[in-house]
Structure formats: structure tokens, C-alpha cells
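Please read the structure below before turning to the comments.
Per-chain numbering from 1; labels A, B, C, D, E and F assigned in written order.
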Amino acid sequence: MDDCTTLVPSAKGHAVLRREPIEYADASPEVRAVYDEIMALRRIDWINNFWKVLAHDPVALRRTWEASKQIMAPGALDSLTKELIYIAVSVINGCRYCIASHSAAARRQGLTQAQLSELMAVIGMANQTNALATGLEIEIDARFAES
Amino acid sequence: MDDCTTLVPSAKGHAVLRREPIEYADASPEVRAVYDEIMALRRIDWINNFWKVLAHDPVALRRTWEASKQIMAPGALDSLTKELIYIAVSVINGCRYCIASHSAAARRQGLTQAQLSELMAVIGMANQTNALATGLEIEIDARFAES
Amino acid sequence: MDDCTTLVPSAKGHAVLRREPIEYADASPEVRAVYDEIMALRRIDWINNFWKVLAHDPVALRRTWEASKQIMAPGALDSLTKELIYIAVSVINGCRYCIASHSAAARRQGLTQAQLSELMAVIGMANQTNALATGLEIEIDARFAES
Amino acid sequence: MDDCTTLVPSAKGHAVLRREPIEYADASPEVRAVYDEIMALRRIDWINNFWKVLAHDPVALRRTWEASKQIMAPGALDSLTKELIYIAVSVINGCRYCIASHSAAARRQGLTQAQLSELMAVIGMANQTNALATGLEIEIDARFAES
Amino acid sequence: MDDCTTLVPSAKGHAVLRREPIEYADASPEVRAVYDEIMALRRIDWINNFWKVLAHDPVALRRTWEASKQIMAPGALDSLTKELIYIAVSVINGCRYCIASHSAAARRQGLTQAQLSELMAVIGMANQTNALATGLEIEIDARFAES
Amino acid sequence: MDDCTTLVPSAKGHAVLRREPIEYADASPEVRAVYDEIMALRRIDWINNFWKVLAHDPVALRRTWEASKQIMAPGALDSLTKELIYIAVSVINGCRYCIASHSAAARRQGLTQAQLSELMAVIGMANQTNALATGLEIEIDARFAES
């Protein structure tokens, strides 16, 4: 799995671990195939760093892209709703990259300023009340299971 | 702020800290007023434990209810979407109470099995790729700011 | 809710989502009213970015400021203790902005180097033993409820 | 390190991993020495499960107890303040055991109902605004470094 | 996607959201196919609840199983090391189910008491120093990039 | 505990809280003793910022270094495995400093590109399935306790 890149010695004699982006021009055919699919599906002409770094492990790149394509496609929930859920998770995890990339995706799908404000308010409210429910050791109401 | 309840001695002589639910029959007028609003807005005839425990601090009860009412009301985002965002936050925080209470709320608003499956898939995908983006120290693409 | 700002088209034709700070000179009367209260209460002549970004949603600005003013005021716990609790939460959440802003607030309230060291030691100890208690699946002692 | 306990076969032929509490009567002299110190310092006649499970690794038991004793002792911050910081961390981590054990410790040190309410309010407020600051990607004010 | 189960009305007239385990006897052929693979690969004669609940979304079941099989297989890292990494993540996330299931998996692969103790000690140490590094806002050394 | 540094007034009249690194030349004998041990054990000629900032609290510096030396030493688990566990925790906590410092440590111990890829894949998989298990409220199988 990408073993030849482990042989490149650094100036200090250590193997270099590659986390820099792999550009299209430098990519293997299997990596280019994923890049092509990403650009075609999204109708854009560039690849963002997430995929270009993941490309050091072409099997992970293909697996993650297939899952992403399947999961983020419109279905019982529309694409914008899925992006909002994704952003909520990323905010709680403090993942700056994912907040930036999926905020851009949400904008491309028409997220308005008012929706952004409400998204943030709900995330903040949930985070606050989660802490209260946990800290106050609140017992789950039996009625929730019934409804 | 609810100071009289701090004076109840336990069997061991310590002040008892109250985290047990306050029932309607035992509630002060200001607490009952909030309970009444909750039941009226939700068209239900019972109060869940979250509010009944928070009621030991009537000021916090009022403040939290007002914020919740304002934030969770349908606006630029509809109520079900807000519940899904809330559940996503609660799952990442591991708040069992909030997952249970807001799953019940989402069901009342018509969440289908297919929507639940997609919600969970997006949460899982986001959590996975958040870890990859953080672990691989991926640099934010300049293009995200432009779009 | 701040809808007019959603209409500003970007160079690429997308609506621009505003997360940049709103300066006093550019703020609406309702936003200025909150800014004025913040500066008066804190006896300072500037507003930090948190409030200036939140100002894109004036309702959220007012609601968050009112809650903050109420919750962070000295009461049964003094202001410095509240700042330490706030910092502890922010460290565990990895919120760099909040660590910076509330460390500054704690300094203004006289936090000493020795107190800072002890704060960090307790946070670290709690984080370590939280992981041990969770990982070792330790059962809650019945005696805790009695005391 | 406690290797003899790894040799006990289970009914299914697997080595049993011990996470059950080690009672005083069954403890080795080095474990008993720590138990004795805990009971003496806290002026109690029992040991809670955290230490009794950690006792399967006597070196970790001793190391963790020494650190805890050192860090949680009154110093520049008093003991109750340290317990509040500890609880705040435990709430954000969702560690039920640690919330229960340190709430009991805080009660023994005189925590009042009003202080508990304020502690929870600050934790909730911090968790909410942490999410807002992270989600809105707010830039750290240069002035914070000056103050 | 499993839509027929959304039509089952509960006693209260709501659609029932299914999160209960689907037993082999009640499973569709595509679900049984995954169950068969799990039991064959692990040389066991039962399926744990994680898969039986995920089975309400057969596409997610298949996708998650394929990814798990691929990722958890021995490769550049052996299976036990992968289980330890998995447990570390689960402890930090506070996922009780995953700690229990992957501790069982680690035991099946020969985890000793001493290894368990060291695993917990490293997790605790990392969690402690993570908090210190974050709380003290420590700047990343330029030398790390060189090595 | 380091109290003299709290007396240095800033330009604005506040006490300066020290979080900047303490260089060897400026360090007290007790701090230098820890620095010397770190460099000797690791066979390097520099100290990274984590220790240089922690040095403002020499007691914490000594305690943390002793624990780290004890816990991270090869034992029932080898050093590289311990680094991988450490990195996994740091990724989930989003601690950029710790990811950088322990990735460098893992590289020094021979981590290959393929191992890095597998580490990240396992972390991502665990984070995803943790969310699914928590979100779907999956009950722990009784059989896990038996095995």
C-alpha cells in the first residue's frame, strides 16, 4: 500500500511520512480515476486537499470516496440538510478543515445567512443542554420509549 | 436561588443536593408557569425530566426554556431539520438523555426509518472524516474562502 | 433575521455568508445597544470578535449577551471561579478562541501564575482519570448517592 | 506487573482480564498501603471503586494517587474550587463515574444548591459559546495577548 | 431503504423507528449474507447487536462490514495493535458499547492483563497531556517537521 | 510555586501570565535537571516546547516527566505501539501539538507510510462506528462479558 514512498530518505536519514497533497499530474491512474469522478460529480475543476492527502493510501481514497458519494447523495434527506448535519458534527469535533470545506459545500447549495444563523444557534443550544443533561445526571423518561 | 432546598439535612448530616425531578404538584408558581407553557406549546400533558430537574434553579429554567422555544421554532430551517442537527450534536457528545428525548421529538414530527438511517450514516461519515482531516493535519484550501 | 446581507453576491455569483466582524460604526442600533452594554459592564472601550461576528444575528447577539451577563455575574460563585470553570470547559473542547478570551478575562480578575498552574494541573488530572474510569468501565459506588 | 492474574482461565478458556474491584482483604501490601493513605487523608473508612479497580496495576495505583494527592490539595486554589473544575471537565467528557464521585466530594466540602446551579449554568454557557466560536471560525483578537 | 418498516404504527399512532436487533431468523437474504460472512471470518456462531441493529439499513450494513473487514485485517499493523487503537478512540469518545465489544475482541486475540494496564496508562497520559498542550496554547516546534 | 514570575507587570499594569517557553539558559537547576534527563533518554540535544512551557511549574514538570518516562517506556507493549495509541487519543481530542510531537516520535521509531495509513484508517473507522453505536443506542451484548 504505497510502500515505495516509505523509502524516500529525509535529510536526517528518516523515512519521510507523506502527508502533502498529491497533485493530479503526479497521481497514479487509480488515484486519477477517483479525482476524475470527484470533479465530474461536483462539476468543478479542482480537487481539495482532503482527497489529495488521502491519496497516499489509494485503497482508503477509493473506499472513503465511495462511502461519501453514497451517503451524501440526496435521498430521504436532501443534500443541504446532510451538509448541515455534517457541519454540526464537525463543529462539535472542532475540525476546522471540515467546517471550512462543508461550509463551502453548503454555500454552493444555497445556504442563506439566516439558515447559517439558525444552524449555529441549534448547535450551541444542543451543546449547552447536552452538558446540563449530563451534568445533572438526568434519568431518561420512560415515556420517550413509548412515543 | 432556591436556597431553602439547601437546608434539608441528609441522614448523614450533609446538605442534600437536589437533582431529583420537581413534580407539578410540588412546583412553585414561577416553575408551574414554565411547565404550563411547555405543555401548551407541545400539546402534551406531561413534563420530561430535563425541565423537572432544571426547575431547582427557576431562573435557569426560564432562561433555558425561552432560548429553546426561540431557537427550535421553525424559521429559515424547519423543525425536523433542527431536531436532526440537535441529535447529531448529542450523538457526538454521547448525551444519552438528549439522544432519547430528541429522537422522540423527531418521531413526533414524522421522522421516517429511512431518514433515521441517513442521519446516522451522515453522522458516522462526518465523524470518520473529521478524524482523518485532523489526524492527517490537512491544510485548509484557499479556494474554500472564495466560494 | 439579517436577511439583507444574504443578497450580496460574491465575485463567483454565490451569496456571501458573513462571518467577518461587524464594527461599531457599521452596526445597527440594536447591535450598538448590546456593544454599549458590553463596554459599560466591562469598563473597556472595544468589543471582541465573538460579539462582532455574532452580530450578524442580532437576536442571537442579544440572547447570548443576556445569558452571559446573568450567568457569569458573581453570585454563589465569584467571578474568577466562574472564569476557571469556563476555561476548563474550553480546554476540553479545544476551543482556542475561548481559551484566549477567558484567559484574558481571568488575568483581568487577578489570576496568578500559581493559580494558572494549579488550574492546568487539575484539568489534566481530571482528563486523565476520566479516561481511566471510562476505559476500565468502573461501576458507580452506591455510597456516592448517600453522601 | 500483576502478571499472575493473567493466568486465570475463564470458563471459555480465555485469560480473564480483571476489572473488578480488589477489596482490602484481598489486596497486596503495596495496594493496602495506598488504601490506608486514601482513608487516612479523607477520614473515611472505605475505598471507592476507582482505586479498587486501578489496583490491578499497583504501580499505576501509586502513581495516580500521588499525583491526585498533590494536585487536588488546597494551594493557590482551594479544594472546592478544584472539585468544581474537575466536575466541569468530567461533564464535558461525559464521565458518569467521575461526575458522581466528585459531586460527592464537592458535597462533603460544603457545595450548596445555589453553587451547584451556577456551576452547571457556567458549564452549559461555556459549552454553548465554545461551539459558536468554533463554528463561526472566529479569529482571536490581537488585544487578548496584550492584556 | 427499508421503507416498509416505517409503516408499522405504534400504539400511539406514530411510526415506529426500529433500533431493536434483527435476528438471523427474521433477516432478509442480503442481511443474512453479511451475518454469514461475519460468523465465518470470526469463527463464531452468533452476531453482536451492533450489526443486528445496523441491519435495518442493509446498504449501511454491507458498507460498514466491508470497510471494517478491510481496515481491521492484519496488515502493516497486526490485529491486536489495531484493536488497541480502536479501544483508545472508544475510550476518548466514551462509547461504552465499543469499549465492551473491542475489549472482548482484544481478549480473544490474547490481550494480557499487563498489556491492558499499559494501554489504559497510555490513554490516560495522552488525555492528560493533550489537555495541558491545548490549555497552555503551546506552539508547535519547527523541528517536528524536520524529523 | 513560581510566584516571583507573577509579579512582572505588563505594559498595561496586569501581571503577566507566563506561557512562553523557558530556555535552558534561563532555567532553574531543578528545571535543568529534567531537561538533562529528557535529552539523555531521547539522545537529542534540544527540548520541545511542551516541557519548556510546563517548566513554569517545576513540580508539574517533574511529575509529568516521571509519569511519561514510566508509562511510555517499552513494557508489555512496545514503544511504537504506545506512540500509536497516543496519536489516536490526540486525534480524537484534536490536539494539534500532540499529533505533531508524537508523529515525530513515531517516525523516529520507524513508523512506515503503510503503518501511518492503517493507523488513520482504524482511527477513522472507530470514530465512525462509535457514533453509530451511540446514536443507535445499541445495548451491550451479554456475551461480551463471558468471553
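A few points about this structure:
In this text, a residue touches a chain if its C-beta (ideal position, glycine included) is under 8 Å from a C-beta of that chain, and two chains touch if they have at least 3 such contacts.
All of these numbers come straight from a predicted model, not from anything done at the bench.
Shared contact partners of subunit C and subunit D, listed by label: A, B, E, F.
Taking B-F and B-C together, the chain pair joined by more C-beta contacts is B-F. With chains reduced to the mean position of their C-alpha atoms, the one farthest from subunit A is D.
Between the CA-based centres of subunit A and subunit C the separation comes to 26 Å, rounded to the whole angstrom. For subunit A, residues that reach two or more other chains under the stated contact definition are 1, 14, 64, 67, 75-76, 89, 91-96, 100, 103, 107-108, 112, 114, 117-121, 123-125, 127-132, 134, 136-137, 147. By the touch criterion given at the top, residues 94, 103, 107-108, 110-114, 116-118, 120-121, 124, 131 of subunit B touch subunit E in their complex. Within the complex formed with subunit F, the residues of subunit B that make contact are 87, 91-92, 94, 96, 99-100, 119-120, 123-125, 127-132, 134-137. Chain contact summary for the complex, subunit B toward subunit A: residues 19, 46, 48-50, 53-54, 64, 67-68, 71-72, 75-77, 81-82, 84-86, 88-93, 95-98, 100-101, 103-104, 107-108, 112, 114-115, 117-119, 121-123, 125-134, 136-141, 143-145, 147. By the touch criterion given at the top, residues 1-3, 5-6, 14-15, 17-18, 56-57, 60, 64, 89, 93-95 of subunit B touch subunit D in their complex.
Of all residues in subunit D, only 1, 10-12, 14, 59, 63, 67, 70, 75-76, 146-147 touch subunit F in the complex they form.
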